[in-house]
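Got some structures for you, see below.
In the two assemblies presented below, subunit A is common to both, partnered first by subunit B and then by subunit C.
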Partner chain A sequence: MQKRLIVLLSLLVVLVMALSAYAAPAPAAETQAGGEEAAAPASAAAEEGEKILVVALGADPTSLDPESVMNNESGFVMSTIFDGLTKYNKGTSEPGPGLAESWEVSEDGTEYTFKLREGVKFHDGTDFNADAALAELDRVINPDNPYYVYNQEGVHSFATFTWGLVTGTEKIDDYTIKITLSEPHAPFLASIAMVWSGMMSPAAVEKYGFDVNYNPVGTGPFKFVEWVRNDHITLEANPDYWGGAPKVDKLIFRVVPESSVRLLKLEQGEVDILADVNPEDYTRIEENADLTLLRQPGLTVNGLTMPFEAEPFTDVRVRQALNYAVNKDEMNEFLYKNAAITAATGMPPILMGYPKDLEPYPYDPEKARELLAEAGYPDGFDFTLLCYENPRGYNPVGIKMAVAIQEYLAEVGVNLKLETLEWGAFLATRRSADNQDMGMVGWSGDNGDPDNFLYEMFSTDMIPVGNTSHYSNPELDDILITARTVTDPEERAKLYEQAATIIHDDAPWLFVNHTLQVRATRANVDGFALNPLQMFWYMEDVDLK
Partner chain B sequence: MGNVSLTASSDRVNLAAEPLLRRPSTIKRLMRSPSAIIGLVIVVSLVLVAIFAPLIAPYDPIKQSFRIQLQPPSIGHPFGTDEFGRDILSRVLYGARWALFVGLLADSIALVLGVTLGLLAGYFGGKTDGVISLLTDVMLAFPYLLLAMIVVAVLGPGITNAMIAIGIVYIPQYTRLVRGTVMSIREKEFVEAARCIGLSPFRIIVRHTLPNCVAPIIVMATLAIGWAIVETAGLSFLGLGAQPPTPEWGAMLASGRNYMLSAWWIATFPGLAIVVVVVGFNILGDGLRDALDPYLSHR
Partner chain C sequence: MFKYTVRRLLQLIPVLIGVSVLVFVGMHIIPGDVAVLLLGDKGTPEALARLREELGLNQPIYVQYFRFLADALRGDFGISLRTRQTAWWEVRQALPMTIELSLCAMSFAVIVGVPIGVLAAVKQYSLFDSISMIGVLISVSMPIFWTGLILMMIFGGRLHWFPIGGILDEGVNLQRITGIHLLDALLTGNMEAFWSAARHLVLPTIALGSVTMATLARMTRSSMLEIMHQDYVRTARAKGLSRRTVLVRHAFRNALIPVITVAGLQLGILLSGAVLTETVFALPGVGRLAITSLLARDYAVVQAVVLVAAFLIVMVNLMVDLLYAQADPRIRYE
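Presenting the complex of A and B:
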C-alpha cells in the first residue's frame, strides 16, 4: 500500500511538472534564460567595472526604423538611438533644439529654416549635415525614392502625419536646410521632435535598404548592438554623443511578457527599470525600500472602438448607450487602482483645447437600455471585440479591461465575444480597411499636441490605420483641418474644444479612461525622469549608484 | 507490440464462446486495483460535478463584483475570489464542464478518425498503408502543442477550434495502435475464412477485426481524455483556447499567473483541478489496461 502511495505521489509530481512545462513554456524558458544571462553580465560587470542598465519591456518591438513603425515598444528603444531635428525639453512636451540648433519660421508660417548642429556623427561614422538630413526626408516624402517608407508591406508610419504637408526641401549650405510646407502647420515643430521623426544614417539606408528596420543607425546617446527577437536588444554608450556621454556603458531592453516575472526581476535586481507596471503591484513596489514608483499624469486615452459603418453602430444612440452602460469609475478604482481618470472624449484633459465643462458619460444602465430600445435593440445584440492581451502604456491592465466591460454590457443585453490576438496580429487586423469588429484601442500622445489625438484617431483622412473605428464626420474634419493651420494658440484651443465636444457627442468610441504614467525603478537608478510622451529620452543622464 | 497483440487477440477469440465467464472478471480485476478505484472515483466525480455545476456552485461564475475582488479563501469563498470579484470555487466547478466536454469531444474526433484510418491501413496494407503511415509519421514528428497551435492558427482562436485541433493531433496515436493490432490478425484463419465465404472487406473489418481492437482502444481513449484536457488547457493558457470570461481551467491559470505574488489562490485551484482530473484519467486508464487484458500487464 505504501509503495502504491509513493508511486501515486511521484506520478502527481511528474504530472505537475509536465503540466507546467506544457502550459508555460515561454515564462519558464524566460526565467531560466534571463537568470543565466543576467548573471553573466553581472559578473562581467564586476570584472570590467561596466555599468549595465536593464529596462524590462512587456513586448518585443516590431521594427526599429523610426519612420516605418508606430508602437510604444519600438519607440521606447528608438528614443535612445535617435534624435530628431527638434527635441522635447527634459520632462516636458515642449520642443527645443535637437539636431537643429535653432530655426526661423517665415511670417506666413510655411517656411522653416533650420540651422543644423555641427560636428555630429551617426553611429556608423557618417557626418550629420544638410545632405544627410535631406536624404532622410527624401525617404519619407518622395515616392520615387527606392526606400520610400510606404513601399514596405504592412508599414504603419507617422511619415504622412509629420511630413505630409512638406512641398519642398532645400539645402542652403552644409549646415542649413529649408523646409517648405503647403500651408501653416501648428504642430510641426512638436511633431518633428517625436521619436518617429528620428534621423537615420543615409549610409545605413544605402547599405541595408528596408532592413534598416533591424539595423538602426542614429545619432543618439546609445548605439545599436544586437536584437535577439523576443528576448532582448543590446545598446552600447555613444561616448561622442553631442548631448553628453551616457553615464552607463550598456543599455539592455529585455522583453519580459509576464508582469509578475518583470516585478520579480526588478526585486532581484535583474532589471533596473520597468516600462510598464501591473497596477496590482503598485503597493508592493511602494512598500519596498529598494524600489521607486514614479507617477505622472499621462498623455493617454483608452477605450473601445465601435465600427462606425457596421450595424447597429451606425445609430449614435447605440454608441452612446454603450458609453452609459459601463461603470468606468468603478473600473478605475478597482482595476486601475486609482491610477486613471474617466474619459469623456478622445483627448486627455491636460492638453490645451480640452473643453473644461465636458463631463464623461455617467454610469446609467437604465438610460443605456432606453437608448438601445429607441434604436430598435430592446434586447441588445451580439458583437465581436478584438482584444490584445498584454498591458500597454495607456492600458496597464491589458485584456482585463475588455473582460470588465463585457460584463457591464451583458447587463444591458449587449453580448461581446472576445477574440484575443497577439499584438502584431491584433494591430494588423484592427488597422485593416475591411475590419468591422469592435476593438480595444488606446493612444499615448506622440508630440503633446491635441492634433495628435483628434486628427490622428477621429478624422476621415486617418481611416483605417489611425482612425480604427472608421468614424467620419465632415463637420469635424473641417474643424480638425483648420486647427492644424491656425497658429494663434487661443483660436486653436477654441477649435479643439469644439472638436472634442463633437467627438464626445458622436461617441465613436466607448471612452474608458486616461491612465497615469507609472514606471518603477530600482532605488539606485539615478537621474531617470518620466516625460508626458512616455519615451526613454535623456537616458544619457541616467546612472546606477 | 505485435507479439503481445497476437496473444491478446487469440485469447479473445478463444474465449468468445464464454462471454459470461470473462466479463465479471474484468470488472473484478479493475476493482482489485486501488489506484484504478481512485481514478474511477475522480472521473465519476468529474462527471457529476460537470452535470450538476449550476446546482453545486455557490455563485455565478462570470458575475463580477469589484467590491469583493482578490479575497483570500474564506468560508464565504472557500477558494477565494479573483481580480473581478468572481468566486473561484464556482469557476472551478463550472470549469469541470469545459474539461469534460473538451476531453470527450477532442478524444472522440481522434478516436473516430484515428481508428478508421488504422483499420484501413492495417487491413488493406500496401499503398493504402503506405500513404496513411506516412501521414501519421509526419504528424507524429511534430510536437503535439506546436501542431495544435498551427491548427488553431488556421481555424482561429476559440475553445471549439482548440478541441478540434487537439482531436486532430491525437489521430495518429489511434491509427498506429489499431493498425498494428489489425495487421497481426489480418492473416488469421478466421479472417481468411470470412474472406473465403465472400464477405465484403467492410463487413470483415467491422465484424471481425474491429472487435479485436476494442480493449486497447478503450484504454487509449481513457488515457487520451486526460491528455486532451491538459493540452486544451495549455492552448487556453496561451490565449488560443477558451476566450474570456469562460471559466476554463487553463484560461484561469493564465489570468491568475499575474497574481502569483499577491493572490496565489487564483491560479492554484484551477491548477490543482487539472492535476487531479488528469491523474484520475491516467490511473483509471492504467487500471483498465491491467483489467481488460492480463497479458498486456506490465507488472
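Presenting the complex of A and C:
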C-alpha cells in the first residue's frame, strides 16, 4: 500500500519534471533560443553604482531584425541597437547624417552617393564600411541572396517600401557607395533613416542566418545582451558608440501588458519610462511630482472620407459645410481626453512643409447650414457612413468618433446611418473602387515624410487603396509628383505647403484630429525627448540623476 | 491498474482530435480575412495575395484542417505568424512559467484551504467557522483580475512588501534549465534569484490560488461534516479512541476523496485563471501567450496552446483517478 503510494507520487514528480524539462529548450540543440545563449551563466546582480534604465512596453517585440518586422514595440528596442545610413535629426522628422556622413544626389535625382563614416564597428567587432553596407543592402534587394528578407514565411517588412526603387548598388571605395534608383524619389533619404532600415552586421547574418531576428547586431548606442520572451530585453551600453558613449550602463525593456500595472511600476520606481500611457492616467501623472508627462503631436491623421464622385459631395461647399459642423475641439477634450489636437489637413503639423498659418475649420454650425443651403441642401440629406469598431493607433476611441460626429451633423440636418463592419471586411469594402459611402479613415506615418501622407491618401494614383475618398485634383497631383522628384528640402517644403493648403480647401475629408504621442518618465530621468517618429532615438543622451 | 492506465491514455487520442477540430474551426469561423487583419492599413493587394497563398487560406477549410493534423502528428504545429518562430517553440518557452505558477497556486490552495475546512468542520458553528466561511465566500466570488490588482496596489504600491509584476528583479540573472524559476535557482544554487522569484510569486500565487483555496475549504468542510456524522465514526469513538485519532485516521482520510476530485478539476480552472493572472502580473506564461496570439489571430500558436492545455488537463485527471485508489481502498481499477 505504502509502496504503491510512493511509486505513484514519484511518477507524478517525474512527469512534472519531464514536462518542464521538455518545455525548456536544451541550449545546445536549440538554435532559435536567441538571447538565452547569451545570458550570463550565473547570478551577476547589479554591480555597485551600475545605472540601469528600465522602459516599460505594453507588448513583447516579435523580432529584432529591422528589415523583417513592422511593429512599434520591435521598433522601440531596435532604435537603440541600430543606425541607418541617415538618421533623423534630434526631435525632428528630417533626415541628417547617420552611418553616412554626407551624400550627394545626381542632377536627375536617381543616383545617391553616400560617404560613409569611418572607424565605426558593429557590436560584434565587424568593421562598418562599403562592403558591410552593400552586403546588408543585398539582403533586401536581391531575391537570390540566401537570406533575402522575403524568403521568410509570413514576414512583415518595409524592404519594398524603402528599397523597392533601387536598381543598382556600387562600391566606389572602402567608404563610398552609390545607390541608383529607377526614378527620382526624394522621400528616399527619410525612408532610409527609419528604424526599419537599420544596418545589421553582415557577420551576424552569416552566423545566424534568419535567426538574426533574435540575435541583433548593430552599430547603435546599446548592445543586445538577452531576450527573455514576454518578459524583458536587456541591452548594455556600447562605450565606443560614434555618437558618444551612453550615460547609463544598462537599458532594459520590460514587457508589462496591463496599463494600470505599468503606471504602478512607474510610481514605485520599478521602471523609469513608460512607452505609452493610458489617457485616463494623465492627471494622476501630472499631479505626481516624481513623474513627468511628455506629449507632442504624433505621426497620425484621423477623419472621415466623403466620396468625391457621389452627390452631394461633388460640391465643395457640402464638403466644407461638414467640416464646419463638427466641434472637433470638444471631441478632443472630452472624447479623446486631451490626447489629440484638431486637424486642418491631411498631414500632422510636426512635419516639414506644414503651412504655418493654416488653421483648422472652426466649429460654426451657422456657416455649415448656409453652405448647405447655397449648395441646394437647406434641409440637409441622409448618407451612409462605413465604420470600424475597435480602437486604432490613429483613433484610440474607435467607433465612438463616428457616433459623436453623427450627433453634430444631425444638428445641421445631415443624418448619417452608421454601418459597422469587422476590420477585415471594413478595409476590403473601403478599398473597393465602386464604394460610394462615407467612411472612417486614418493613417500612421512611416518615414516622417509629407509624401507618405499626402501622396498616399490624396493623389489620383492612389485611388482606391490609399485614396479612399477617390479625390482627384490634377493641380494637386502635379505638385505631389514634382515634390517627389525635387531634392532641395526647402523647395520641397514649399510644395508641400501648397499641397496641404489645397487639400484643406478642397476638403475631401472631414478632418478630425491628430493623436498625441504621450510618454511618462520618472522625474530623475534626464535628457529624454520625444520625436515625431516615436522611436527611442538618442538614448545615449539619457541619464539617471 | 496498468491496463486501466493504458486504456485511459488511449482515450486521449479522440479527446485531442476533438479539441483540435473545435479550436481549428473556432479560429477559422471568426469573421474577417486574416491576411487583411495581419497586414492592417499597409496591406497592398499583392502582399495580401502572397500572404493568403503562403497561409494556404485559398483552400477549403477541411483541406486546411487535414494539412494541420498531418503536420501536428509529426510534431509540427506550424510557424507563428507574429514572431515567425515555430508555434511549439513559443509554447515551450512559456509553459514552465505557467506550470510554476499553477503548482504554487495549487500548493497555496491545499496548504491553506484544507486546514481551514477541517477546522471549520470540527468547530462547526463557532466564530472561526463563520468568519472563515464568509472569507471563503468572498474570495470565491472575487474575479482574479480584480484580486490581482487590489493585492498589487495594497502590498506592492502602499506597503512595498512585494514587487509589482514580473518574475525577477532587474539585474538578477538566472540560468535557464527547466524554465521553472524556483527550481532553476535551487539547481544552480543561486539563492539571490530564488528569493527574487519567490517574492515575485507571492501575490500572483494568492491571486490565482484564492478561488481554488476557497473551493477546497468549502469542500473539505462539508465533506468532513458528512463523514463525522457517519456510524463508523461514532463506533470508533465508542470503542474508546481519542477524538483526535478518530478525526485524523478515520474522518479526515475519507473526507479527502471528494477533495481530491475537486482539486483535480480545479487545475483546469487554474490554467484558465493563469491567462488573467499572467496578464496582470506581467508573467511570461502560456496564458498570456494564448491571449496575445488569439488577439493577433496567430492560429498556429493558439492551436498549439489549446492542444497542450487539453493534454495537461487529461493527464492530471488521470493522475487524480489513480490517486483515488490510494486514498480509498474500495476503489480498484482492473
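In this section, the second predicted complex is superposed on the first by the 296 of 545 C-alpha atoms of A that agree within 3 Å, B and C clash if a C-alpha of one lies under 4 Å from a C-alpha of the other, contacts with A are read in each partner's own complex, and residues count from 1 in each chain.
Going forward, contacts are C-beta pairs under 8 Å (C-beta built on N, C-alpha and C of every residue); 3 or more make two chains touch, one makes a residue touch a chain.
Here the structure is a predicted model, which is why all the values come from computation and not from measurement.
Undergrad: A:258 in the overlay: touching subunit B, subunit C, both, or neither? Say first, second, both or neither.
TA: both
Undergrad: Could you tell me if A:422 is touching subunit B, subunit C, both of them or neither one (first, second, both, neither)?
TA: After superposing on A, A:422 lies in contact with both subunit B and subunit C.
Undergrad: Name the contact category of A:407: first (subunit B only), second (subunit C only), both, or neither.
TA: Only subunit B is touched by A:407; subunit C is not.
Undergrad: Going by the contact rule set out at the top, does A:333 touch subunit B (first), subunit C (second), both, or neither?
TA: The first partner, subunit B, only.
Undergrad: Which chain makes contact with more of the residues of subunit A, subunit B or else subunit C?
TA: C
Undergrad: With both complexes superposed on chain A, which partner does A:269 reach: first (subunit B), second (subunit C), both or neither?
TA: neither
Undergrad: In the overlaid three-chain picture, which partner chain does A:60 touch, first (subunit B) or second (subunit C), both, or neither?
TA: A:60 sits against subunit C, while subunit B stays out of touch.
Undergrad: Enumerate the residues of subunit A that count as touching subunit B in its complex and touching subunit C in the other.
TA: Correct list for subunit A: 1, 4, 8, 12, 15-16, 19, 22-25, 27, 258, 260, 264, 422.
Undergrad: Tell me, which parts of subunit A touch subunit B in their complex?
TA: Subunit A residues touching subunit B: 1, 4, 7-8, 11-12, 15-16, 18-19, 22-25, 27, 258-260, 263-264, 278, 280-281, 284, 330-331, 333-335, 389, 399-400, 402-404, 406-407, 417-422.
Undergrad: Show which residues of subunit C lie in contact with subunit A when the two form their complex.
TA: 31-34, 36-39, 41-45, 51, 54-55, 79, 81-86, 89-96, 99, 103, 149, 152-153, 156-157, 160, 163-167, 170-180, 183, 188, 190, 192-193, 279-285, 288-289, 292, 312, 315, 319, 322-323, 326, 329
Undergrad: Enumerate the contact residues on subunit B facing subunit A in the complex.
TA: Those in contact with subunit A are residues 34-35, 38, 62-64, 66-67, 69-70, 83-85, 145, 156-158, 230-231, 233-234, 237, 239, 243-245, 250, 253, 255, 257-263, 271, 274-275, 278-279, 282-283.
Undergrad: Quick check: in the complex, which residue numbers of subunit A touch subunit C?
TA: 1, 4-5, 8, 12, 15-17, 19-25, 27, 32, 36, 39-46, 50, 52, 54, 59-60, 62-63, 68, 70, 152-156, 213-214, 228-232, 250, 252, 254-258, 260-261, 264-265, 267-268, 270, 422-425, 427-428, 442-444, 446, 465
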